[in-house]
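Listed below are the structures to be examined.
There are two complexes below, and they share chain A, which is joined by chain B in the first and by chain C in the second.
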Partner chain A sequence: MEDTQYVVLKKDRFEEFIAALSSMQKLVAPVAKGFGAYAFEEVTSADPIALNYIPTILPLKKYFMPQRETLLEFTLDRRSHAEAVVEYEPLTIFGAHTCDLAGIQCLNMVFSERPKDYNYLLRKGTITLIGLECNDYCDEYASCHLVHASFPSGGYDLLFTDLGDYFMVHINTVSGDRIVRTAGLCEGAGSAHMNELRSLRDRKRTVFRNEVPIKTKLIPELFDAVFGARVWDNLNERCLACGNCTNVCPTCYCFNIKDELDLTLARGIRYRVWDSCQLEPFARVAGGINFRKERSARQRHRYYRKFRYPVDRFARFFCTGCGRCTRACMADISLKETLSELIKESEERVWKKWL
Partner chain B sequence: MEKVVIKDSGYRLKKATILRTKNLTRNEKFFEIALKDGSSLDHEPGQFIMVSLLGIGESPISVCSSPSRRDSFDLCIRAVGKVTRRLHTLKKGDEIGIRGPYGRGFPVNIITGNDLLIIAGGLGIAPLRSLITYVLDNRRDFGKVHILFGCKEPKEMLFSDELEQWSQRTDLHYACTVDRADPEWAGNVGVITTLIPGVDIEPLRTFAAVVGPPVMYTFVIKELLKKGIPKRQILLSFERNMACGNGKCGHCQIQNLYVCQDGPVFNYEQIKNLSEAF
Partner chain C sequence: MKKPKVGIFDFACCEGCQLQLANMGEQVLSLLGSLRVMEWREVMSETWGKKLDIAIVEGSITDPHAVERIQRIRRRASVLIAYGSCATIGGVNGMKNNFVFDEIRKYVYGDSYAFFPTEPTKAVHQVVEVDYFIHGCPVYIPEVVTVLKAALQGIPYYVPDYPVCVECKLNENVCMYDRKVTCLGPVTRAGCNSWCINNGNICYGCRGMVSNPNEKGALDVLAKYGIPTSLVVNKMNMYNKCRELDEP
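Presenting the complex of A and B:
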């Protein structure tokens, strides 16, 4: 029986498919930027698209909650007036890895929680997401299996899986189906194709293993035990408090709100801009008291916001295992290493209890 | 780039007019404010609002009047940041923007029927004034009401005429202290914790409401626990940096809690194990 959720796109038709996609609306995809780095940017042909890439410098959140976005527009004349606005640009994203799809699923939960954030939700509705499955690890920094992000689990309109001379395309939504129909370049998937997909997934199960020696379901327990660990003191000495790790994190969404007047001083905007809990003034109140003054407390806060707090609030981890924080850290603080150290220290504690 | 106006935005402002101002001390100013569309703020005692000055920014401020007065509300603002300093230059008739009210205030419906021990340190009297005036408006619903007030020096005393009135009332037990006296001061001298042992309460049916500077909490909680007040009945309001008020921007987080949505009022049981709270 043919599964209508799956179609096949031969690789010699990929170029045509991308051209069709970009003719529908603005299309962005991973592009090589040199120095082994990649970035999502606009493409109009298949040529610049990097199909084999390590996670891009910035994750997809840059499209869902832009680094800087206008919340209010106002005038300051006699009868001052302010209006809440959202700016958006309909967009198709091609080539999102499963870690980045997981990142968007996390943001979706945060911004749909009441009170809802309509700036995010409105923009999200205008973005089409086409995923690209990872057949193997991108590099040694990834820890996607640990957080259940190495295999696709929704969050996309279409998902591409590279199976040699063709892509298997999973149609997950009606708008994904519309794209496939409009492009008209795909053909039905037969049982031979389905078998090839199945054997790829079987092979993946032998390649992808928990990257840190702990069972995933025990992570919350681990974090319950290590709030006072020495590991945080070690990070205190190494962290430069630059905020790179949070800027590149697909699930870090903290922001600040600021006002800006134009040169006439009669009009202005209130905008939000990415902020980072790693920066010194983040938790400081007027009057000067800082509730997370030490870098150890700020780093610990970051880890708990990935592995502990969201488990209670959203029943999932907010780490997608993409490895960006490790790649971007100037002080070589590694997520995998930190987790391993925490595991080691917690085991020490358990032993001490018994001795 | 396309742009649409959104009516549901959490950042939309309500226009409000300043009806009256009064300098309380050198740093604190009192504002009575009404919403321009004539509607009521409809807040709970202990909730806060975001006060907005277009082109300058927003600042989270506790409402310091009782919700039983519906046509206007009060704010007591200390000039410490760029928004609050600018607010101090405003006068009667000026317009501001507000969002909110936000957060969880004092659970007055749960406190009803119990005794109440209110402990205010310095500017902490502002959010507590909303509770105190609410209790006075509904005095019959509550048991014994104690108010303890402390501040650094007599000249920093906020709402001194109201404090004076409260001290005269027969339906309130009132005591106050200052850390450092001046020549005219005839009352207690010492930190606020010195007033707690002398308060005559029935701990199991007493709720304590505590607001003050961060250093105050640890010591006051210790005294209250010594008195035998259950942890769940010790209510604390926290001040944190807040930018959005919607539980998103992350600035106000105490571990897994967002002060702007889960607080600012917490009971001690909720937060006793959170080291970032104290």
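Presenting the complex of A and C:
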């Protein structure tokens, strides 16, 4: 069997391929930051790229919706002139795991809703995404299989799968095809290659199992039953409200919009910055009232924004199982543990449905 | 718009935060373009002594003379900005409050200590009303500019009421706790853009604590990393000793 959507890149040509990629436009890839941490950073050669890495400190959203982004420039003269601003530069991202690709798929849905977010969408149009399939779990914090993100399901231009002394490359878009043609370093995939890919996927099916004892389709039902659970009180005692879990989350997109004048007080900009529902001032409103003052309510909100609310609105979970929130939590609040405890607490009420 | 008259004053401090203004580089020119500096002992010899639109006050209040002086400044100024950790939270001068005053006066001034009266160190807002707070040791210039612009516009400035961790994560630093180093970022309010950690240092808590810290949770985290509570209390007290004077 041959498939024109698949090509093969031998590993001894990988360096050349990365050099070619970086000569086309700015290239970012996962690099080691020490102490077991990784980050997507600009690279110009294959040398610093970490092919075997656990999810980076910040997910890919930092390229799609930067931490601080100007939206508008305005003047305060009599005409009150205002001009929309979109800041972007063409970018190739190499080495995105399937969890992070799923994260971008979620953000795409959010920012495509009306009113459309043109800053996001215009920038997204200039970003090329090259995925890298995980052959194994990155570490014990991941729960990607539970949310169907352990296997590739689109959202990339090219997908690399490590098959020993070569990468299988799946061409998913026209711009992915253009990269392969321009680089000119790949060869057609034969039936032997396709068989190797298939047997890798078969092996993965035995490695990746639901990380939490629940059928995925029953998660929304679980959350319908646990709004008043004691688990949230426990989180109230532990959570430091540092916002790490949401800042590192690939699908948390909340932002704050601020205006700032320059020192002449005659011109200014409107910009947006990442915000987090875990922070004390997030739900503080006029009159000093805070409608999510308790850390338990904020943590619960975070979980419902991952596992319940988006199911109704976008028909998918907004957790990609990357495990970042668990890794980044100094108080050891673990997503897998929280889900397991919720299951335990609700068992009496709904246990029959899980048989 | 008429340029506001500004006075810059110092109390017990190292005057390093004033130096930060001089360190601003080109921005200081546009800053000076929108203000009339009437008094600034560190950089000019003229004095003014009359009404001011904005008083920028550095340093903490540590003796009876300082109390009288800050009250006079407050009466002269429409807007008062507490500038730098010594002024906003008491800062390192607060460490004095750990000691018996007669003992430390003898230690510092010897036999003539009786000529040098002292009082518990206080932040400026613990003596007179403060309109704006610019935290930090030293102050972070982008925040200084933001607060001055808010003061010029007559709108409030909200000091970020969340921990330094927020900005630190946005800067994608490797967590100090993952480097096995104790850092006060998790309980210290942000606004400095995690300046110290970006440059390889830890957070010393110079901006004061967030308004609603989870103290029990923080103790659990310290226990998890095997850090003695006393060590962190000492670290915290380096800048935050005067916090206890705030409590009702």
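Rule of thumb we're sticking to: the second predicted complex is superposed on the first by the 341 of 355 C-alpha atoms of A that agree within 3 Å, B and C clash if a C-alpha of one lies under 4 Å from a C-alpha of the other, contacts with A are read in each partner's own complex, and residues count from 1 in each chain.
Operating definition for what follows: contacts are C-beta pairs under 8 Å (C-beta built on N, C-alpha and C of every residue); 3 or more make two chains touch, one makes a residue touch a chain.
Since this is a predicted model, take the numbers as computed values, not measurements.
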{"item": "First, second, both or neither for A:139, with chain B first and chain C second", "value": "neither"}
{"item": "First, second, both or neither for A:270, with chain B first and chain C second", "value": "first"}
{"item": "Which of chain B and chain C A:337 touches, first, second, both or neither", "value": "neither"}
{"item": "Touched partner set for A:227, first chain B, second chain C, both or neither", "value": "first"}
{"item": "Which superposed partner A:285 touches (first chain B, second chain C, both, neither)", "value": "first"}
{"item": "Touching partner for A:239 - first (chain B), second (chain C), both, neither", "value": "second"}
{"item": "Partner chain in contact with A:113 - chain B first, chain C second, else both or neither", "value": "first"}
{"item": "Chain B versus chain C as contact partner of A:88, first or second or both or neither", "value": "first"}
{"item": "Comparison of chain B and chain C by chain A residues contacted", "value": "B"}
{"item": "Chain B versus chain C as contact partner of A:261, first or second or both or neither", "value": "both"}
{"item": "Contact residues of chain A, present in both the chain B and the chain C interface", "value": "261, 265"}
{"item": "Residues on chain A engaged by chain B in the complex (per definition of touch)", "value": "71-72, 74, 76, 80, 82-90, 110-111, 113, 115-119, 122, 227, 253-259, 261, 265, 268, 270, 272, 275, 277, 282-287, 289, 291-292, 297, 301, 304, 308-309, 312-313"}
{"item": "Chain A residues within the chain C interface of the complex", "value": "33-37, 39, 57-58, 62, 67, 237-244, 247-248, 260-265, 274, 276, 279-281, 295, 328, 330-332"}
{"item": "Contacting residues of chain C [partner chain A, same complex]", "value": "1, 27, 30-31, 33-34, 145-146, 148-149, 152-153, 158, 160-163, 165-166, 169-170, 172-175, 177-179, 186-187, 210-214, 216-218, 220-221, 224"}
{"item": "Of chain B, residues touching chain A in the complex", "value": "1-13, 54-59, 78, 80-81, 84, 95, 97, 214, 239-241, 243-244, 246-251, 253-256, 261, 275-276"}
